Every structure is written in C-alpha cells, then in structure tokens.
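The next part holds the structures, each set out as structure tokens.
Note that chain A is present in both complexes that follow, paired respectively with chain B and with chain C.
Moving on, here comes the complex of A and B:
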C-alpha cells in the first residue's frame, strides 16, 4: 500500500494507492473519495463500550471504517478542519494522541483509551487521550501545521497546541511565568513536558480561533 | 527469564525509537526489538531515571545518552534491583524513595489546592448572594412595583378575582392590621382573592398578594389566614423576589465565566448547581419570611401560634414532600417550620392577643358556596 500526504500543510489529504488485499482503518467521515472497487465496512471503534468512551472522552467517532480493496484502487482521506496530516510508523512502540487527532491506521495498530490525569485536564488537554500502539503506520491530523520536537529536558507547550506525544514524555501543568505575567500575558496555564521523547505540536490552536471568533461576533 | 514490555531510543534505529521486549541477562539489560535488532546496556554503564507520562517509567541510559532502554512494567525495577544487586539496587531504592516523597508532596499540594478552591468558591458564592442582596437594597422601591405589575399582568390566575364580598373584605382587613406593624411605609399592598380551590397564596414584588379561596376553606379561622398573609407580606417587605432574580443572574454569570463554552456535561452540572442553590436559598427566604411573619402577627396582637396551627393542617391534609426530596423543595418541611414557630413564640413577650373582627362563618359561606360571587352580593372580575 503506497500512501502520500498531499496539499500540505494547510489542506492536507492522505492519498492511498491500494493493492489487492490491502486494508486501512479510518475514522468515520474521513473518506473524501475512493475507487468504486474499494469496499467499506463500518464497525464500532474498539467495541461498543470503548467506542462510547472514545466518543465522550476523546472526541473520536463512534464508528471506524475499514477499507478493503480486492483489486487495485485509490482512497483519499481527509480531516474536518484545515491543517496538516502527519504519518508515523509504529514498531511496537506507542503514542498518545490528543482528542480528535486520530485519522487513520493500518490494521496492526491497536487503538486504546488512556487516562491522561488532572494535570492534562487543567492544561485544557483533556482527561483522557487516545493510545495507539502496535505495529504499522498511523495518520493523525492537526489544525494548522504540525511540527515535532525531540525533547530531553523540560519543554513548555501552550494549551491547545499539543497534538501527540510519546509515553516516555511526562506532562505537568504550570504557569507560563509569574502569577501576574501568566494571567496578563494571555498565556495563562501551559503544559510543561519532560523527555526523553518526541512531541508533536500544531501551529494553530482551535480554542484560540473559537475565542477570537466569539470576541468578534456581534 | 522474564520479558518486560518496553522500548528503546537509539540513533541506530530508523526513526530513532522502537518498541522492544526488555530482558535482564546476566550483567546487562537487553532490548529485543520487533524487527530483530538487539540493544544491550551493561549494568555498570547504566544511569537510571524515572519519569514518562505515567510517572513510573524507568529509563536506563548510557553515559553518552545515545542509547536509552525504557520500561513501564511495575515488576521491572524490582527484578533489576535483584539481578543487579550491588550495582543498581541502591540507585533504584533512592529513585523509588524520592518518587514516594514527591507523590506525598503532590498529594499535600493537591489537598491544599482543593481546600483553597473550595474556600474560593464558597467566598465567591456567598459574595454573590450578599452582593445581590446589597445591590437590591440600593434599588428604589419603584423597581419592585414595576416588576410586580409586569409579572401580575402577565400571570394567568386560576380563577376569577373576587373584588368585593366577605372574603375580599376579610383579607383587606388582615392586610391593613398587619401593615400597621411595618416600619417600611412606602409599600402599597394590593390584595387579590382568587376563586380557585388551590390551597396557596403568593406575593409578587411591589405588594401584590394573591390568596386563593382554597386556602381560606382550608383555614379554621381568620387568624390562620392572617398568618399566611403575614408570611407573604414579609416576602414583599424583605424584597425576596428581586433578591432571587439578582442571585440567579449573579450565579449564571459566575458559572458562565468559570465554565465558558464547556460542553454538555458541565452545562448540565451548571444548570443543576444553579437551580439547587437558588432553591436552597429560596428556603432561606421562606424561613426568613416565617420569622418576620411571626413577629408581625405578634406586633399586630394576632396569636402567632396560628401559623404553626396552619402548617399542621397543611401537613395533615396535603402531606409533605418526602425527606429524600426535601433538599429540592423551595419550602422547609412543615414539622420543621412548626418547631421553628414554637421556638420563636417562646421568646416573645407576653401579649394579650385580640381576635380579628371578621365574621368567619360569613367568609366561609361565600368561599364554600357553589357560586361564590353571588352568595353575599360580591362581585368577581375575570383575567
């Protein structure tokens, strides 16, 4: 299965060239177009209860679609908002995805729900996170561009910019500066992350856009 | 040999990382990657750290930090401590002890933060209630009158208003006698007796008092009606209606500021919080109105125990809400109100109470007749 991420970074799509027997799992409504010979099978996103939990806590869809191609075919996957898509290959390792980031994966990847903790919640990153593990490629999306940082010591990320991070990275919530600076600089609370490991960040924050839009509504 | 699930960071792996089965082999830690690569780290070159998203991931790194083997399995540090006794057991013990100490500190910080937040919320909550009360106190009485008039005009009463007749005259007389006891003289009470079999009475801001004939029928004498009217007049005098509006607005603004655009779960929680706290505060208003009502009855030389007697009638004839639901009720439980009235009356000075100059039989004849308005020539108006 050959894949390519096109139209990066603003309106990225995943272009998949499928060969006989290839399978790919994508979240519901991710398909933009596909060849007529690509078959689609819808199933619960990890079982009934897990699907409901993922819907409530991780902003993921209740159902995921498995695309299967008997011959050669094409599949185009996209995400609901403008922004970049990143692909990484898991080799038995794991990755935590922030709510709503998951787009697609190969069948060898397991999708689980993990407790993120109150620190994550206070940092407006959600009480739960999606844990992807196993072997195979996964695709995840973000609002804006995606950039990665390999961190070993402490690294500060503003709320709403975190997309994914490895389990080897710890996260605690803190203030951007002193009390006065934190509240009047507009930065407020931030996530203080510590490696070793890699974090994936988005160049724009959906929450900031919503707040900005609300402020300009009449 | 036991395998532990973990991983490895190394510049020799494409992408720099891979999941691995971790084994403790003789004098070294080995990471067996899924693609067959094996990475080894002798105990003597191993520097240990703890961290990761869970806070309990062990990192075993070489001095150059270009190879890191990590494992989150709870049994890994114990196994490593045993196998690497004399080399890594001491650092492992120190790391675990440090982690326990850190966790204790965080628990204390968390507890202090919870207590601080609770105090902050409590101060904010009572501040809003007190602020609303103070703000209402600064408003002119004309605001109460305008609001009350608007509310009364828009209300659909459950029956025609009896403008004349024995019942209307009786309630007017009760209001006049009670109003004379008030220190606030700029309230113009307007009494409306509504012909409906509802055992209730209510007051609106500005002095609008509605008494249903059902309540008059349930009462044993005029003094019991006076007790209910005194309670309603107390609501008006203490401006409870405006206070509730002010408190509701204050709490709505506060929850909106705190929770912002939070989704359904928080929204539902905020609604429940608002309704229950407002109801709870309304109970405080009811208790206040009972207390002031008893004082008014006493001042007007009407036996205040008639209030307790009427609560007993209500309890016997109409029951009370179950104890389990009492928290959601706007009125305190009847038996609690009776007890409170008794306790307050016991503190009042001895007074010679005077009966109201009302022909109670005539009032009852009008209210219990099939056509109330025509029994004694009284008139009604429909709204």
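Moving on, here comes the complex of A and C:
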C-alpha cells in the first residue's frame, strides 16, 4: 500500500494507492474521493462502549470505516479543517494524540482511551487523550502546520498548540509568567512538558481562530 | 487562449493574466485584486452582449453574484490579477467546445465568450448533494478559472470514480453520474459519515477539492458567538 501526504502544510490529504489485501482504517467522513472498486465497511470505533467514550471524551468519531480494494485503486482521505498531516510508523510503541487529531491507521494499530490527568484538563488540552499503540502506520493531523520537537528537559507549549506526544513526556500545566503577565500577555495557561521524548505541535490553534472570528462578529 | 499564471497555490492562490487588445474576461463580483490602467471594466447584470435579465436572476439563485464584471483590454499586455475571497486553490480549465458543469461557488472567471448557464438541475434534485449547492454549466471555447476551499486535484476518469459530494468542484458533461450510498449498507453509509456519494462513470475530467467547506463550518460554527 503506497501512501503519500499531498498539499502539505495547508490542505494536506493522504493519497492511498491500494492493492488487493491492503486495508486502511479511517475516521468517519474522511473520504474525499476514491476509485469505484474501493469498498468500505463501517465499524464501531473499537467496540460500542469504547466508541461512545471516544466520542464524548476524545472528540473522535463514533464509527470508523475500513477500506479495502478488489483490484488496484486509489483513496483520498482528508480532515474537516485545513492544515497539516503527519504519518508515524509504530513498532510496538505508543503515542498520545490530542482530541480530534486522529485521521487514519493500518489494522495493526489499537486505538485506546487514556486518562490525561487534571493537569491536562486545566490546560484545556482535554481530560482524555487517544493512545495509539501496536504495529503499523498512523496518520494524524491538525489545524495549522505540524512540527516536531525532541525535548530533553522542560519545554513550554501554549494551550491549543499541542497535537501529539510520546508517553515518555509528562505534562504539567502552569502559567506563562507571573499572574499579571499571564493575564495580560494573552498567553495565559501553558503546558509545561518534561522530556525526554518527542512532542508534535501545530502552528495555528482553533481557539485563536474562534477568538478572532468572534471579535469580528457584531 | 489567454496568457495566465497561477501563483501561491494551493492556499493563497491568485491568477495573473495578461490580456491583449480585444480580449475580455468575465469575473465574479469582487474577484479583481489589481489591474493595469488600460483595462476597462463593465459591470452588468447579464452576460456581456447577450443573456438577459432572466439569466442573471438564475445566476443569483445559483449562489453566484448578481453582477458580473467584464474586463476588456484596451492596449497590449494588460495585467489583471484576480483571486477568491477565502483561502484556497485555483485551477484553469481550457474549454474547447465542450461543457463543464461547475459547482456554484467554484466559478471564478471565464473568457467572455463562454456561455454561463445557471439553470442546470442535474444534481440539484438530489438534496443529498450538499447544503444549498447549485451548479453552473459553462460551454463554448475559452479559458475557465475555478476556485475552491482546499487544494484542487484533477482526476481523468476512464471507467468509474467515486467522490463525496461536498468535494466536487467541476466535471465534464461527458461523464455520467448517479448519487449512491457510499458502502454496501445504507445504515453503514450514514453512520460512517460518508452518507451519499456521487459515482461518476464514462470518460472525462473531474476536478475535486481536498476540503469540504460545510465540514469546517460545522466544527467552527458551534464555537462562535450567537448573534
């Protein structure tokens, strides 16, 4: 199965060239277009209860579609917001994804729900996070461009800009500066990540877009 | 065909055209960004020279602006730069006597000789084809510029191809199409979020957009202030 991420970083899509035997699982409504010989089956996202939990806590879709092809065909997967997509190959390791980031994965990957802790919730990074583990490739995306950082000690990330991080990285919420500057700097709360490990960040945040748009609505 | 260049694809696209005397380009209202001084603009509620008020009203219903701007060059090598209102891509389609069916909001500009007909109801009867989507039929000879929210990718269909209806930008009318369910079961299709898709078959060119404006709107909308 050949895959390519096109139109990075503003309107990224995953272009998949499929052959018989290839399988790819994607969140509901991810398909933009596909060859006529690609078929899809709708499945609960991990089973009934887990799907509900993922929908409520992780902003993931209740259902996922499993795609397969009878011959040679193509499939174009996209996300609802404009932005970047990254592909990671899991080899038994795991990755935590922020709510809404998951796009697609190969069948050997498990999608689980993980408790992110109150710290994460205070930092408005969500009470839960999606834990992807197993073997195979996963695709995740964000509003904005995605860039990775290998962090060693402490690294500060603005709320709304975190996409994914390795389990070896711990999260603590803190203020950007003192009380006065946190309030007036516009930065407010930040996530203090402690490594070692890799962190994926997004260059834009939906919260900023919403705030800007709201300011213009009168 | 008019000399043109599409810049800043796929997110901030603009078209830079060079018009020669007598060449005329019809653009949607508000598309002009910059132009040389020897270009004259005529704004009309109808196609330049022909079309009539009825056609214009039909365009209004189609989601296109009531007024069309016709840009005519009065001197050699006049530059005209046009672009859409939102972030997105632009693609050029050369029409050589055939017909291209364009999604209402994706038509941006065309050579003035191209006939624009907003009465085409082929997909319109299917309410499933998307929230308030209308279609514009363009025929004749000349250049056509289409815009989108998302990157535009071209599929030269030879056989059969499936597109989620919100992702269709334009297609040649040599293609047959039908609205169908995405998967084998209707329930599966609906729950899987794909719902109904458009199955094209035959031979012809199809332009698709990578992103779907209503889906982005559904994410953003609930977070905005209510008025």
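The criterion applied here is as follows: the second predicted complex is superposed on the first by the 218 of 218 C-alpha atoms of A that agree within 3 Å, B and C clash if a C-alpha of one lies under 4 Å from a C-alpha of the other, contacts with A are read in each partner's own complex, and residues count from 1 in each chain.
Quick note on the criterion: a residue touches a chain if its C-beta (ideal position, glycine included) is under 8 Å from a C-beta of that chain, and two chains touch if they have at least 3 such contacts.
The model shown is predicted, which means the values in this text are computed figures rather than measured ones.
When the two structures are aligned on the shared chain, A:53 is found in touch with neither chain B nor chain C.
In the superposition on chain A, A:210 makes contact with both chain B and chain C.
By the touch criterion defined above, A:194 reaches chain B but does not reach chain C.
Counting the residues of chain A that each partner touches, chain B and chain C differ, and the larger count belongs to C.
Applying the stated contact rule after C-alpha superposition, one finds that A:148 touches neither chain B nor chain C.
Within the superposed three-chain model, A:171 lies in touch with chain B and out of touch with chain C [touch as defined at top]. Applying the stated contact rule after C-alpha superposition, one finds that A:6 touches chain C and leaves chain B untouched. In the superposition on chain A, A:87 contacts neither chain B nor chain C. Applying the stated touch rule to the two superposed structures, the overlap between the chain B and chain C interfaces on chain A comprises residues 210, 214.
Interface residues of chain C, counted against chain A in their complex, comprise 10-11, 87-89, 149-151, 153, 155, 159-164, 167, 182-185, 187-189, 191-194, 197, 199, 201, 208-212, 215-216, 218-220, 223-225, 227.
Of all residues in chain B, those touching chain A in their complex are 7, 9, 13, 15-20, 33-35, 51-55, 57, 59, 61, 65, 68, 70, 72, 261.
Considering their complex, residues 88-94, 96, 116, 133, 135, 150, 152, 165-171, 194, 196-198, 210, 214 of chain A touch chain B. Residues of chain A that touch chain C in their complex: 6-7, 10-13, 27-42, 61-65, 76, 78-82, 206, 209-210, 213-214, 217.
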